[in-house]
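Chain nomenclature is as follows: A, B, C and D, assigned in order of appearance, with residue numbering initiated at 1 for each chain independently.
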Amino acid sequence: MADITTSHYIVLSALIFAVGLFGVVTRKNTVIILMSLELMLNGTNLAFVAFSRHWGNLQGQVFTFFVIAVAAAEAAVALAIIIALNRVRKGVTLDEATELKG
Amino acid sequence: METGPLLAVVCLFMPMLSALLIAVLGGRMPKICDLIGIGTMGVSLLCAIVLGLGHATYGAQTWEFTWITMDVGWVTSEPLSWTLGITVDGLTTALLLVVTLVSFLVHLFSKGYMHGDDRYVDFYRWLGLFTFSMLGLILSDNLLTLFVFWEVMGLASYKLIGHYFFKQSAFMACKKAFMTTRVGDIGMFLALLAIYLYTDSLQFKEIFANLDMIPVGAQFWIAMGLFMGAAGKSAQFPLHIWLPDAMEGPTPVSALIHAATMVAAGVYLVGRMYTLIVLSPGALVIISIIGCFTALMAASIAFTRTDIKQVLAYSTVSQLGFMFTALGVGSNIAWKAGLFHLATHAMFKACLFLGSGSVIHGCHHLQDMTKMGGLRKKMPITAMTYLVACLAIAGFPFTAGFWSKDMILQALWAGNGHFDDVYKIIYVVLALAAAMTAAYMFRSYFLTFEGKPRDQHVHDHAHESPWTMTTGLIVLATMAIAAGYKWHDALLPNSPGGLEGVLSPIATFAKTFVIHGEGNEVAHHAHTIALYTSLTVAFGGMILAGVWYMTAFGVGLRQKMRAMIGPLYGWASGKFFIDEFVQMVFINTSIFFAELTSWIDSALLDGFVDGTGSVTMKTGAASGVADDAIVDGAVTLAGNSAWWGGALLGRFQSGRIRNYLFGAVASVALFAVVMLYIVAR
Amino acid sequence: MNDYLPVLFMALFGVLFATAALGVSALLGQRGRQNRVKNTPYECGMPIESHAHARFSVKFYIVAMLFILFDVEVVFMYPWAVSFGNSDFARDAFPGTGLLLAEAAAFVVVLFLGWVYVVKKGVLEWHQEA
Amino acid sequence: MNLTLLLPEIIVIVGGLAVMLRDLWLPADRKDGLWAWALAVPLIALAATFLPQLDVAARISVDGAMIVNPEATALSGSFYLDGMSMLLKRAFCVAAALVILMSREYLSELNRGQGEFWSLALFALSGMFFCASANDFMSLFVALEVVTVSFFVLVAFKRSSGTSIEAGLKLLVMGSLSAALMLYGIAFVYGASGTVFFDQVVVNGEVTRTGLRDLLATGQLVYSTELLIGVMLIFLGLGFKTSAVPLHVWVPDVYQGAPTPVTAYLSVGSKLAGFVLMLRVLEVFSRSGPMVDSLTPFLALVAAVTLFYGNLGALPQSNIKRLLGYSSIGQCGYILLGIASAWTVGISGTLFYMTAYVVTNLAAFAVVILVSRATNSHEIDDYSGLGRKNPLLAAALTVALLSLAGVPPFIGFFGKFMLIGSTFGSDELRWLGLVGMVNVVIALYYYLCVIKRIYMREERHPAKSVVPLRLKVVLAISMAALVIGGIAPQFLADKTAEIAEELQFAPRPRGGEHR
């Protein structure tokens, strides 16, 4: 059997991305959704790093750093919002956020 | 910018300034809003007068600026350019004078009439905006801004008619006015669209230069579309129904809207687009027939009204019919006659409306003529001016109305060489309508001012109005006589300051018509016949009214009449012979006719419009949105289905993030699949 | 195939271990004898003092969050350090860089200002009530 | 490295930090005055954009081909200053300044977090600036996230209010999802091309770094399915910011739930940031004909669905903010018409419309803020009789809505005209123009429904709005822009046409013969 090629990494990254996507769509708890989103981002990171190796330049790796940083910022804000949601609506599931509609 | 257009621009923006100033300052200084209004309108009037006096020098000037030039690249390879501007020619100058004069006097009049009104400030604000839009409409050199001003005027008139919005009737009236005119606007809008599509422009001069690009079949429909818009604004059958109801507005508003401005806009539109309309003889004759029918119908209804403003309202409808009848002839003189009558009518009808306002004010908001009578001694100025205006509208010799009506009849008799037989019939009918006009107007005069007071209480408390109100009456009464000379001169094609600028395109197209020009033997013949006819109908109508109403209600005067007429007819049929004759032949017939038309009016047309309205409202109530006056039937229907579509979308918008997420992911996937399919193909 | 062998072993081992652990506990554990004491987490330990879901001060999360944020920001130091030390790389990824130090300084200053904000807001003062 | 080009960005970032720090040392009773500091920042930045040093030719001609002028780039080519970014930066400055003027009362009432609000607004502004100048996918992503994350906080700023938090959460979840999708798309593009930069870097005649523009122009990078999927995902992710279908569902909810000044900011700033990036990405990929040909049906599809979704969804609304939310989706659809057509006139129309949209929407929101302060409600029914209570406010709202509806003589009309007109250039897109026209009618309906309530209904809420000077300034500026832009649109139209030329889109529509 052949070596592990870029394609394999990409398939893996797609799978991680898909798992994250699945979690985002099916989960109810906002914290878990957040985790799933991180999973999606990490799937992408994997793809970036794999492509970085494939092309022999470091752009993909640098991109990954940015993604990590942005993801951290997003997570910080998200947790703050979730805490605030918990204070106002006494819960952290998405069912707490269904007032705006129509 | 040259002097002429500069003056016109100042004239145009003064009322706008007034509306803005009042809107800004009105809250803090409600006392001065009338002064702002009157002052700015004074400046406007001054500009118009200077413009009118210097018309010979200014001639037909236009001022235009390029709104936008952009490379659109899909119509022509040249960049698309939209030019807007104002045009100052004879027609514009004439109407500018009329509008600013009446508007100024109405502003002044309102200071007295509307004194103490809760919404005094609002009233002046909308008055300003209304005048602005009317002036803008007149000055526009293109159909685009004309249409914008047309619609803004609709809104302003809606607010003014609905000034007493807390009264159910007033509220319904303004709604009806808005809705009915909107029906006409559909036609107008389609016509505009067609014009733009065929000629690639909405500028008058471009349209007239490219008339040959409009196919013959389309000419008729464009003309009819324009007329439909005009009929809505100018209250022609069957879209006239809003005007009598609109009397719910304050009387100065009636004087402004229903005498000089808004109802004139339709006539102006037809007059302005005459070069185009005249291309289609079929459309012309339809305009004439509808105008004539409206004139007769409204005149006969006017007989049955006891409310003084209602009489004037139907009289307005009728007189507008006269104008359209004339315009429908499609000859040089007809054009002049129609617009000439527009100008003279503005003067005497504004005088009549303001006079009725003065009476209503003097009688403490009483409008029923059967409770009046003998007011001449109490309100001498009002009575005198009202009488003068009545003479003018009746076509008494040497008043303004005489000249213009004479010219209308003359134009009708001359015809245009296409449907001359029809025009002859119209001539006869219109002459009858003119006679009736004289009769019902004097009926209203006699009932109000002459004879014995029928309600002593009202009579005792009646008083003459303050100077702010009577000034307008006197000026307008003077104009009701003088206007005939001024306009008559101005409108004659061979006199200086005439309207050749406007007429020259018509002259070009006159080749296609058998236009009977001045000095022609037929025209001379027509002139003579018209003169006799108009004299006959004027005096006939006035005498009939005098005889009938003075004998029936004024006992003293009836004695005099009997003494005067008795020896003549006493041998034959006794003292009430004339009464009965008039009753039988004239009044009964006309009452029957009036009732018939009134029935058509109320049962059919009102029913139709109200029915449409109520169906709309019911649908609206069911769906919860569409009970509105702005969007008319067809759009409402489309709107309702669209609304359900929107409500359906609202179900997607469930507020649940999970659904959103799922929807988003699913639709991204869907998009991807669809796209890959498209790309693979 | 050789590349996948460790993965395969890893997976096999994981599955085996899990099933073995479950199987052994099922085999050795005595079913059917259940009572309250049996079901407590620590059957033979200390009596439970409080609920497992103890409430922490929200400060705990905030400080944790701040740690992560500042920690993650430092990640940018790596590419910077690499390119600072490796002129070949610097030319490759960021050609024409004469301001590498100043850039890093600006970055650190901004981070420092963030730290000033945090301190001034009193987030790091533990003794104050939340 | 040309740091001067970054001057507006530096001003905004330093200003944002200064406001943040200033707030820390300001006594509580003087924090109300902080708005003036915040206001100064976008104004100074706006002034800075007019500096002659920033006026660098964006393209130069080399061997007959127009290429990106290296002088106009900074940060190793990640930052690019051309006519489009300049125009948008000015628009962002105006938007931020107007929003700051609008927000002062709101913050005084909230009485909390003044420094945070202003500095976040300014950081969002800096993010928008970088969006306008982004010249590689890294800066694109980071700039976009700076805007988005700032808005997460701003939207949820009223943390005592359930709706505000809920709106924040919705924005957050949808925003993160779309960011992840976009990122995945970028990964695809990177995988297909091997670069995330738009421009190549040449040192001593040797290409040290490849760029997408050059790869596509020289045919080294050709159309492939994964490239197309990547670009589509990028457009969908950007579509989240611009409220385009399918990632638009958050819009009405967030518009309704967020504090109104934030909604106003979101509706112009964040949206335009998305659009300018869409234009940038499209510009890069328009170097390759097959790419544009496959993107066109995709964008057209998105535009059509967005138009219908926004305008139909707006019809049954009873909440003005929600209505404006749906209307914002609809407006996005119009702008996408121009982007889908992807030729000079369409792009010019897009830029024109975007600029016009800033003042128009902000004017509408300014009135919404004022009215809701008096009536404490966002129900459209509570606008009944506004024409009598506050004639000037009513007039301002009417003008703004008419301009949004595209009624002449207001500025919105020309934008719509150009956008719809641009689709008539090509046979493929003519149907889209018709869709646009149908939607103009639908949109007119619901805008007129509001106007009808303003003028033709009895007032329901007697409270009159008091208009503070700051809001008067906002209204005066936006009204002046609306009307002047409507009466004399030539200046802006010329400017946007010039920018569209510079962007080097196809001079004539694709797929359609020229009449």
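Methods note: a residue touches a chain if its C-beta (ideal position, glycine included) is under 8 Å from a C-beta of that chain, and two chains touch if they have at least 3 such contacts.
For clarity, every value in this text was computed on a predicted model and none was experimentally measured.
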item	value
Identity of the chain that, by mean CA position, is farthest from subunit A	B
Chain whose Cα mean lies nearest the overall Cα mean	D
A-B against A-D, pair bridged by the larger set of C-beta contacts	A-D
Subunit A and subunit B, separation of their C-alpha mean positions in angstrom	69
Mean-CA-position distance for subunit D and subunit A (Å)	26
Where subunit C and subunit D are represented by their mean Cα positions, the distance between them in whole Å	37
Subunit A and subunit C: spacing of chain centres that average the CA atoms, whole Å	16
Multi-chain contact sites of subunit A, meaning residues that touch two or more partners	21, 24, 57, 59, 62, 73, 80, 97-102
Sites on subunit D at which at least two other chains make contact	169-170, 173, 177, 209, 252-253, 316-317
Residues within subunit C bordering two or more other chains	92-93
Topology of the chain contact graph, where touching chains are joined (line, ring, star, complete, other)	other
All touching chain pairs, where touch follows the definition stated at the start	A-B, A-C, A-D, B-D, C-D
For the subunit A and subunit B complex, residues of the former touching the latter	21, 24-25, 28, 94-95, 97-102
Interfacial residue positions of subunit A with respect to subunit D in the complex	6, 10, 13, 17, 20-21, 24, 30, 33-34, 37, 40-41, 43-44, 47-48, 51, 54-55, 57, 59-60, 62-63, 66-67, 70, 73-74, 77-78, 80-82, 84-85, 87-89, 96-102
Subunit B residues touching subunit D - in the complex, by the definition given at the top	23-24, 26, 66-77, 119, 122, 125, 144-145, 148, 155, 158-159, 165, 175, 624-625, 628-631, 635, 638-639, 642-643, 645-650, 652-653, 655, 657, 660-661, 663-665, 667-668, 670-672, 674-676, 678-679
Subunit C residues touching subunit D - in the complex, by the definition given at the top	91-99, 110, 113, 116-117, 120-121
Subunit C residues within the subunit A interface of the complex	1, 3-4, 58, 61, 65, 68-69, 72-73, 75-76, 78-79, 89, 92-93
